[in-house]
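Listed after this line are the structures, all set down as structure tokens.
Here subunit A shows up in two complexes: once beside subunit B, once beside subunit C.
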Partner chain A sequence: MMYRFLTHEELASLVAELVASGTRVIAPVRAKDDASQIDYLPIRKLEDAAFGVRLPRRSLKEFFLPPTEVLLYYKQTKDGVEIREVPTEAPPQVILGATSCDVAALEVVDKVMGWGYRDELWFGRREATTIVTLLCSMMDSTCFCTAVGLGPDSARASDLYLVPVEGGYLAQVLTPKGEALLEGRGAAASEALQASAEAARSEARKKVEVNLPTIPAEFSGWLSQNFDNPFWKTLALRCHGCGACAALCPTCHCFDMVDEHDSAESGARRRNWDSCQTSKFTVHSSGHNPRQSQSERFRQRMQHKFSIYPSRFGEILCTGCGRCSRICPGGMDLPEVLGKLLALAGNKPEGSAQ
Partner chain B sequence: MKELQELARKLLNEGTVKVVIGYEEGPRGVRAAFITDPTQSEKLVFDKRCVQNLVAYLNPRRKHLIQLGKAAIVVKGCDARSVAGLIREKQIERGNVVVIAMRCGGVLENPANESELTCETVSVRCANCDVREPKLYDYILGVLPPEPPVNPARAEQIAALKLMTSAERWQFWTEQLSRCIRCHACREACPMCFCVQCTADKTQPQWIDPSSTPRANRAWQTMRTLHQAGRCVDCLECERACPEHIPLGLLARYVADAVEQRFAYKSCDDPSVPAPLGVYRTDDDEEFIR
Partner chain C sequence: MNLYQPHLMRIREITDETADTRTLRLEFKDPGVAEQFQFSAGQFGEYSVFGEGESTFCIASPPTRRGYIECSFKATGKVTQALRRLAVGDTVGFRGPYGNSFPLDEMKGQSILFIAGGIGLAPVRCLIWNVLDLRDQFKDVTIVYGARSVNDLVYKRELEEWSQRSDIKLCLAVDPGGQTPDWKGLVALTPNAVQQSVTASENTFAVICGPPIMIKFTLPVLDKLGFPAERIYTTLENRMKCGLGKCGRCNIGSTYVCKDGPVFTAAEIKKMPQEF
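For the complex of A and B:
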């Protein structure tokens, strides 16, 4: 793999130039309300960023699929209804120092966003964004990115991939967008330095690999064959159905659309994040709900991520970031549940999940 | 701990209950346990990490738990007030739940924390606790530990809010609630949110816009807070569930203080004491009607 050595100063000047030219640069920074936490937020200079502290509280999802967004405005006139659509081109933005799990999620979700109907708002933002991923050093016992075919060293969906080294970063250029971003910055890295970057990436992988074994391809089929297995009744007893997991999930992408009036004649059609963990998600207008209890809703979450999505798009709808387990007020734990299911499927012992 | 495990085993063995809802060691700290097999009773633990209010699991909306049958539940004194709340509001019958109360010396803010109880680590809800030994129980276990240290954070936030002008408070809450994504996790995790259909979910008419806009967020949280007035037990499950880390407990606490001032009522573990907004009295103070 070829790397270029980028000094800290070169990266700082790159950020400064981007900001000066009006490009939004988003990076992990100390949360405004809690200095021990990290959020992805726009920065003005490289020093604003806080790399390597801990996984940001929320993923990158909101920069591509905001919790609420307007799809169109409508107005009733004498001659009918006037529709004003929103622009689908987005201003250029750069994401700097994101983790592999958050970046890869975007490409995973691309599949459904381009399935049949192309979601122009999503792809408008995707195309306007250049993504610089940073080797993750923040893994804990909740992370399992390596189990879902990724890893802290994964450059998937990245335009540039950075490995921190003394005095700066080794940059792996992955796309023309990444090349354009660097604008010739960085010198060829020595072979020894390149080898150290490769070693750091493989070390990082090992730290996550101990948490959960790789989920085998057969797991998807096994899950769909076990849709009616009684074990689903006991897996989610402590689940409140609050959906905080889905809100923080980098790959949960379901949304609901509503028309909201701002006057008697006009209003907006908006789409809002939704979650299959709430009862309202499936309730029919008759009042009947095919998913009667949390057992069925949790089964849906697992089936969609690890069976339905893989069988339709060839990949797991989860990047192993572990945010669902960290936020859960009831102590539901996805690596633990996966460990149990893998044990039932006869793939790996249950104990290896913990 | 042994005492608790033995009691759970006995209740399950003699068939008094079908499930004991308590705490167990989880992959990330202590969490809820649902013991249906008496031989599994030794999983039960109780210590300073048991911050979660388990009473939400008695809420009648939880059909997957109701199917398990009659429950015994492990509560701290503060949580016993939620049991009283559900009985008071006819959501559960007193005879249909076995309350196992634990004498409590305070809990940590974070159930995965292993540190000692200090002013910083102790839950803000433990400050000035007067229910460390509850009155509502079938069994009460343990020896009363010493009082926990006081985390002054919440009292300081309340004091700061009270010093603000109403315009400043409006600004403060507008900023906080601008983060709300209307996922309603606060509602789902709340032991006292048991409406079959929440007004926020009604679509004909749509009382509150479902989108996350300043107007709708304010309407949603105002409605929820006012509906909780005199009912909220300050367990902070809403705040623990909020993926946007909005200090929802602060909002509830502010209203609880107003209720206490106006109606001389504090949430308590006696289900026979009516909640102020759940009772009609001709001598109610009406000076606010002008």
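For the complex of A and C:
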């Protein structure tokens, strides 16, 4: 793997130039309401960023699929209705120092956003964004990115991948976008330095690998065969159906569409984040609800992530960031649930169906 | 124009089917869109009232009638109640057509048995008229239609028209207690009406739509009559928002009703998890 050595000063000047040119640069920074927490927020200079402190509270999802987003504006007129379109092109932005789990999630969600019909709002932002990923050093016992085929060292969906070294960073250029961002910055790195970057990446992997074994490809099929297994009832007992897991999840992309008035005649149609964990998500206007109990809704979340999405798109709809576990008020722990299911799948590959 | 932006349509005609069910005939405001618009029987759309939101219905008129589409709905929720407040000339939004359709070409040269319950006649009616407009390309056409009561029968003028035609066998039924003194049809639950009026399944496709409970008890009747599950078609409904496979709402296991359906064979439905 080829790296270029980039000094702190070079990275700082890159950020300064981008900001000066009007490009939004988003990086992990100390949260405004709680200095112990980290949020992804726009920065004005490199010193604003807080790398390597802890995983940001929320993923990068909101920069591509905002929590609420206008799809169109409408206005009632004498002759009917006027629609004002919203632009599908987005202004350029750079994401700097994101974790592999948050970055890879974007490429995972690309699959559904491009399935059959292309969601231009999502892809408009994807195309306008250059992503610089930073080797993660913030893993804890809840992280399981390596179990879903990623890792803190994964450069998936990144344009540049940075490994911190003494005095600066080793930068791996992955795409023409990443090349364009560097604009020739950085010098050839010595072989010894490159080897140390590789070693740091592999060390980081090992720290996560101990948390959960890699989920085997057959798990997807096993889950769908066990759709009616009573274990879902037990596994979901602590779920309150609040949907916090989905809000923080980098890959949960389900949304609602609603009209909101700003006057009697005008308003906007919006899409808002939604969650399959809430009781109203699937209820028909007749009152009939295909998923009546919380265990059915929890099963849907698990099936969607680890069976439906893999069978439709060849990808697990989870990047192992662990935010759902850390936020859950009921103490539901996804790696723990996965561990139980993997044990069941491994112990009784077929027999456990009923 | 992003993919969630609807076309504008004008309400050309309003027909009250029952006390709470209404049919709207809609035409595209933009002649260019009207010219280009094509769909197949079984497909659906997202209909909207601006300021209230969108609702999902099948296209209830056949693709053989150009220049307009129809939707039939019961005023039960926010959007359907708002749709009901609209008058002729008012504007609605429409996105579509979405989803798959009935295998019309496969059905050609064969007989078709249509079975519908209540407002479930809407998607079936689209196919019925499609077939009737191409009548010489099909063999026997049988329609079994049941509703809770005489008042709940929809498309009454068309039922009258179908009953006059010699090239259709029409069997109407209302649930016991739902008949009026001058009711000439059957008094039976729809599955029983099928049992009483259908005798053959050779070279026949069955198309069935209605409440889940009706479908559940009609499938064994069709099985006994010798219909293979691969030749029984139905259309599923689930709550939807986007209609195009993004919003994650209509899944039944790995099936996306919006994109893989809404038309499925009984054989396909048997393979799905029973969560609908």
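Definition applied: the second predicted complex is superposed on the first by the 346 of 354 C-alpha atoms of A that agree within 3 Å, B and C clash if a C-alpha of one lies under 4 Å from a C-alpha of the other, contacts with A are read in each partner's own complex, and residues count from 1 in each chain.
The rule we apply is simple: a contact is a pair of C-beta atoms (placed from the backbone, for glycine too) under 8 Å apart; a residue touches a chain by one contact, two chains touch by 3 or more.
Quantities reported herein were computed from a predicted structural model and do not represent experimental measurements.
Q: Answer with first, second, both or neither: which of subunit B and subunit C does A:P28 touch in the superposed model?
A: A:P28 contacts neither subunit B nor subunit C.
Q: Quick one: classify A:E120 as touching subunit B (first), subunit C (second), both or neither.
A: second
Q: A:R312 contacts which: subunit B (first), subunit C (second), both, neither?
A: Second partner only, subunit C.
Q: Which partner does A:P213 contact after superposing on A: first (subunit B), second (subunit C), both, neither?
A: The answer is neither, since A:P213 touches no partner chain.
Q: So, does A:G168 touch the first partner subunit B, the second partner subunit C, both, or neither?
A: The answer is neither, since A:G168 touches no partner chain.
Q: Could you look at A:V258 and tell me whether it touches subunit B, subunit C, both or neither (first, second, both, neither)?
A: After superposition on chain A, A:V258 lies in contact with both partners, subunit B and subunit C.
Q: Does subunit B (first) or subunit C (second) touch A:F281, or do both, or does neither?
A: Touch partner of A:F281: subunit C, not subunit B.
Q: Name the residues of subunit A shared by its contacts with subunit B and its contacts with subunit C.
A: Residues 256, 258 of subunit A touch both subunit B and subunit C.
Q: List the residues on subunit B that touch subunit A in their complex, please.
A: Touching subunit A: residues 26-34, 52, 56-57, 61-65, 67-68, 111, 181-189, 201, 206, 209-213, 237, 240-245 of subunit B.
Q: What does subunit C use to touch subunit A in their complex?
A: Of all residues in subunit C, those touching subunit A are 1-6, 8, 10, 29, 48, 50-55, 76-77, 80, 90-91, 93, 212, 237-239, 241-242, 244-249, 251-254, 256, 259, 273-276.
Q: Using the touch rule from the top, collect the residues of subunit A that touch subunit B in their complex.
A: Its residues touching subunit B are 31, 33-34, 37, 57-58, 67-68, 141-142, 233, 236-238, 240-244, 246-248, 256, 258, 260, 270, 272-273, 275, 278-280, 292-295, 325-327, 329-331, 333, 335-336, 353-354.
Q: Can you list the subunit A residues touching subunit C in their complex?
A: Touching subunit C from subunit A are residues 71-72, 74, 76, 80-81, 83, 85-86, 88, 112-113, 115-121, 224, 227-228, 253-259, 261, 267, 269, 271, 274, 276, 281-286, 288, 290-291, 296, 300, 303-304, 307-308, 311-312.
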